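What follows is a pair of complexes built around chain A, which joins chain B in one and chain C in the other.
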Partner chain A sequence: MKQNQKKAWLFLAPILILVTVFSIWPIIRAFIMSFKGGPIINMQYNGLANYQYIFSDPDFWHAIANTAIYAFVTVPVALIISIALAWFVFSKIKHKTFFETMFFMPYVTSTIAIGIVFRYILNGKYGLLDYLLRAIHLPAPDWLDDPSMSIISLIMFGVWASLAFNIVILMGALRNIDPNYYVLADMYGASEMEKFWRITLPQLVPTITFLLTVNLIGAFKIYTQVYALFNGAAGQANSAMTAVFYIYNKFQVVNTPGVAMAATVVLFFIILLATFIQRKITKKVNS
Partner chain B sequence: MKKKKFSWGMVVIYLFIAIFAIITVFPFIYMILGGLMSYEETTTIPPTLIPHHFNWDNFRQVFAQAPFARYFLNTFITASVSTLVTLFTSILGAFAMVYLKFRGKGFIQLILLSLLMVPAEAIIFTNYTTIMDMGLLNTYLGLVLPFLVSIFYMYYLQSYFTAISPTIYKAAKIDGASDWEFIWKILVPMSKGGLMTVGLLSFIAGWNSFLWPLLVTNEDSMRLLNNGLTAFTTDAGAQTQLQLAAATLTVLPILVIYFIFRKQIINGVVRNDLKA
Partner chain C sequence: MENKKFIEVKDLQKTYDNGHQAIKSVSFSVNKGDLVCLLGPSGCGKTTTLNMIAGLLAPTGGDILVEGKSMIHVEPKDRNIGYVFQNYALYPHMTVLQNVMFPLTVGKGKKSKNEAKKIAKRYMQLTHIEELADQKPGKLSGGQQQRVAIARALVQEPKILLMDEPLSNLDARLRLKIREEIRALVKEVGITTLFVTHDQEEALSIGDRIILFNEGTVQQNDTGDNLYLEPVNQFAANFIGNPVIDNFKVKVENDYVVGKGFKFAITDLKNERFKKTLQEGQTYTLSVRPENLLPLMTEVKIENDDHYLEADIEDIELIGRERVLKFTNDGNSERSLINLEHQVKRGDHLTFSFKLKRVYIFDDNGERVY
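What follows is the complex of A and B.
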């Protein structure tokens, strides 16, 4: 057999051409554009002005803070609920696939469409949630129009939406645990709790670290859920402004693409750093 | 076998599952029911759960007030085209990476793998600029062009192809089959399951796409479902029942596909993510 089959490049050509134009070039271009000012059709170099602008823009820090709060609350809360649900369904329910199918529904459905239902349920005047809260004499906040509630509403929506993927991945991992461990544990008379803490959880550690990374990266990029929940805005008085929403506004609404790209570069490095730290931790955990 | 005993722990567990099952499924049911309510029923206190009378007319009104038929067509075309072409380019690429030996393979693998880590949101705005430079705003080509390849799905297929023994390739070559014949007559039929899964996941992603079509289209006739839906909710204003009917129309086709192919879809998601 020949060692250098040049025809391989022919088969790879479509992928390589499109990847160069739509994955590699845009990264380089984002860097270049972040050093330019002016409207998109006539951009001129302006050095570090865009970076100076975003670092002194309180809206940018507000967006980064919102994104961080959202990520660091939604991800652990959703993960803990997912682990509990996956474990309960796996160990206590006969019709596992039925529940799995049900819990996975949010993953395949349009965030925008579901956002419309959530807006209806969370409506401060005639929404179902506030009606139920009032019925049991709890405070019924205005979830969507009160700026101090925006992030909380977004987190609720985020948790709801992220359970699906987590549960399905965790169920897959639970199925892969050698059942002999449990047989052995039963022989020694281990309790359910002991089995969970001593066998199940340690076996799930790689899956959990994987989900943590994927969820965190996903949470840092949150955009569509904000758009869906607040009908195209970033909440009352921009109270739910997130990083990608900030980038979109600067790019498309205010028409300052250079500023948007500077913010993109910063977000890109934040995500890269998060991935890097997580990999280090995973290596430590696995060794 | 131990006899099942009543315990409060079990009650708590079943309650926990039941509550979250309701929280997960209820929005879908409420969306369908709300789409059949009258305007008055959507604004009453206490809120209406089940409409007294199913207002099927809401759906007619949705189609009358906004070109949803056109949105459906646009969405179907872009999702199908990007799925079919992605399958095609991924099959060719994965074939080359698995069966052929060539200089630079390791380098290509490394580049593609590191590109997997680049968040889509970081390149979507510059891609918009590229499509604008090409003069492809408000065209089908502009809508699909960046989504005709997927490094992710190519890797997914690579794992499928690796499982097929390389001796089959050698045997086919000895029998005089060309690479092209091998791909379409042997490789593709043998990896139907994997191709099906990639096709389903890619179609669902295309159907639900939002930010990209929002950027590259601004003419109503070129909008996709989700963008049409957001425009409609802004225009329809307080008509909650029409918004919900439109949302139902958007979600229902995907839910039908999901219920038919749930096994392939769920297994596909589990498989490619455990490998990552």
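What follows is the complex of A and C.
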């Protein structure tokens, strides 16, 4: 056993070195930098000043609030839609592979490219969505340029963008369910709904838990979607400012790396806490 | 009490969309309360037949009657059938109790929770799994899972129980134990059971009757004894028995049955056992079970050496308290089954004697002549 362990370290070394250099060290570094002030080439310790700054910065709170709203709405909504679509395709559609490929397309397409298409769809003057809304005499808001609509547009974009990955993973999970479960359920006379709630959904729980965790972490780190949808800005009047956008802004634009790192550390703990709570809840639900 | 023909399968046929003819024509009937084994090599159509009786597959011809009523257009859920899959298909996220209760808590005729629990408990008692009620199937042994699957198949109180190779996931020793349990259980419940297996020993030990399948047709529908002692054709003779039956190429010449290195007069055979007459000049296959082709171990006076066959032993295999002697005759490998106490070495030159009242003769179409 002991001999094996020594050798194991050797095999693990490449990945351990990579993870240390590119993941663990940056985390430690960010943590240290969050207690320093000044430009990146000459940073000096300034204690908790960075934290005092962000906690009293309304922009920071706005960014955190936006991020939380985005994450807690997008993730469940996207997941429910994904489950419904995956189940529908799996149980009712004949040419599954074709639909699966279609659903997976958005995942392999660049977010920036999708963002450009969405900008056309959501445009207040010539957008497709507003055209349709007007056609059925519904109010047609300016999705992109009205600050009060920014987060809603971002959520729509986020839900759509996360369907691809979710559906493909869920289809895989559905395929792994023993078809005999349904054969027997049919023989017992179970209805479609009974089969879904009592066999399919419980069988999907591990997958759903996984997707919930991955989606939630991803949602808290949202940046590209904002960048793509609002053409490099955080929406009109920073109305769609998210946590990572705030960090990027403080680091690259305003040139206060210490403040950016303090915000990073706070975001890190928020994600940690959110994931922890989510795991606790799913564990309780499972048992 | 009408006891005859509880299940009647008439000229059942199944051709798949790709043109594969899985069932050519299958007819048989099953008496109420019988445990019947559908036996045959893989791909012979036994599981296909079972699935058509269950309603999981639609036949392309023929009819299935249960108590005189055609089942062809009846939904599986209304056929009053319990089904046990090879892999049991227990719901892994449910406890044993929930699994057994499941059939009672879904569909139109669902029962109240308390009632379902009561019925489930009764069948769990019958299958001795009450103490496992709160466990998940993943924690159970193969034998325990098997019992849960049977209990679940029985709770809706079906008239027929269908089992598709239910023992093939168990290890050898457990298989022996569970097959006895299954037999005792279905006899206690009194349910008519069809049991699919490819294992002849299993079928012989468990079935009241055995229906032997090959290539989409029924070869023989008989009791275990008859299947072993009186095979109707070459396939049945070759399939049943372990070690497998010995086959010798023979020819009828001048009222003698002549093989390579042995011959005997047709008059030595018992007249009443002939199904057809042997044709002069025709070739046949002479088959004899290895226990009926024994070496002469002591210096016996041989009066008529025609019945005897000499051979060099090429290999010896031990199976339990018996010894299988292997040798070659006319290019066919043959076996003789002797008691372990007899000492035989590889290379020994022995004289074997045919037990003529226990040999079979098949014509070139595989049909039984004698």
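The working rule: the second predicted complex is superposed on the first by the 258 of 287 C-alpha atoms of A that agree within 3 Å, B and C clash if a C-alpha of one lies under 4 Å from a C-alpha of the other, contacts with A are read in each partner's own complex, and residues count from 1 in each chain.
As a working rule, contacts are C-beta pairs under 8 Å (C-beta built on N, C-alpha and C of every residue); 3 or more make two chains touch, one makes a residue touch a chain.
The structure displayed is predicted, hence computed values, not measured ones.
S.K.: Putting chain B and chain C onto chain A via the overlay, clash or fit?
M.R.: Overlaying the two structures gives chain B and chain C room side by side.
S.K.: Of chain B and chain C, which one contacts the greater number of residues in chain A?
M.R.: B
S.K.: Which partner chains sit in contact with A:Val108 here, chain B, chain C, both or neither? Use first/second/both/neither.
M.R.: first
S.K.: Pick one for A:Tyr227: touches chain B only (first), chain C only (second), both, or neither.
M.R.: The first partner, chain B, only.
S.K.: Applying the document's definition of touch, where does A:Ile270 land relative to chain B and chain C: first, second, both, or neither?
M.R.: neither
S.K.: Quick one: is A:Glu194 in contact with chain B, with chain C, with both, or with neither? Answer first, second, both or neither.
M.R.: Second partner only, chain C.
S.K.: Check the residue A:Ala185 against both partner chains and state whether it touches chain B (first), chain C (second), both, or neither.
M.R.: Only chain C is touched by A:Ala185; chain B is not.
S.K.: Touch check for A:Gln203: first (chain B), second (chain C), both, or neither?
M.R.: Only chain C; A:Gln203 stays clear of chain B.
S.K.: In the superposition on the shared chain, how near does any CA atom of chain B get to one of chain C? Answer in angstrom.
M.R.: Taking the overlay as described at the top, chain B lies 6 Å from chain C at its nearest C-alpha.
S.K.: Report, in rising order, the residues of chain A that make contact with chain B in one complex and with chain C in the other.
M.R.: In chain A, no position sits in both the chain B and chain C interfaces.
S.K.: Using the touch definition up top, name the residues of chain A that touch chain B in the complex.
M.R.: Against chain B, chain A makes touches at 1-9, 11-12, 14-16, 18-19, 21-27, 29-30, 33, 40, 81, 84-85, 88-89, 92-93, 99-114, 116-118, 120-121, 125-128, 131, 160, 163-165, 168-169, 171-173, 192, 207, 210, 214, 217, 220-221, 223-224, 227-228, 231-232, 244, 247-248, 251-252, 257, 260-261, 264, 267-268, 271-272, 275.
S.K.: For the complex, give me every residue of chain B touching chain A.
M.R.: My answer: residues 9-10, 13-14, 16-17, 20-21, 23-25, 27-28, 30-31, 34, 42-47, 88-90, 92-93, 95-97, 100-103, 105, 108, 112, 115, 117-123, 125-130, 132, 145-146, 148-149, 151, 154, 179, 204, 207-208, 210-211, 215, 225-226, 229-230, 233-234, 240, 243-244, 246-248, 250-251, 254-255, 258-259, 262, 265-266, 269-270, 273-274, 276.
S.K.: List the residues on chain C that touch chain A in their complex, please.
M.R.: 54-56, 76-78, 81, 83, 85, 87, 89, 91-94, 102-103, 106-109, 156
S.K.: Which residues, counting only chain A, touch chain C once they are in their complex?
M.R.: The touching residues are 178, 180-181, 183-191, 194, 198-199, 202-203, 205.
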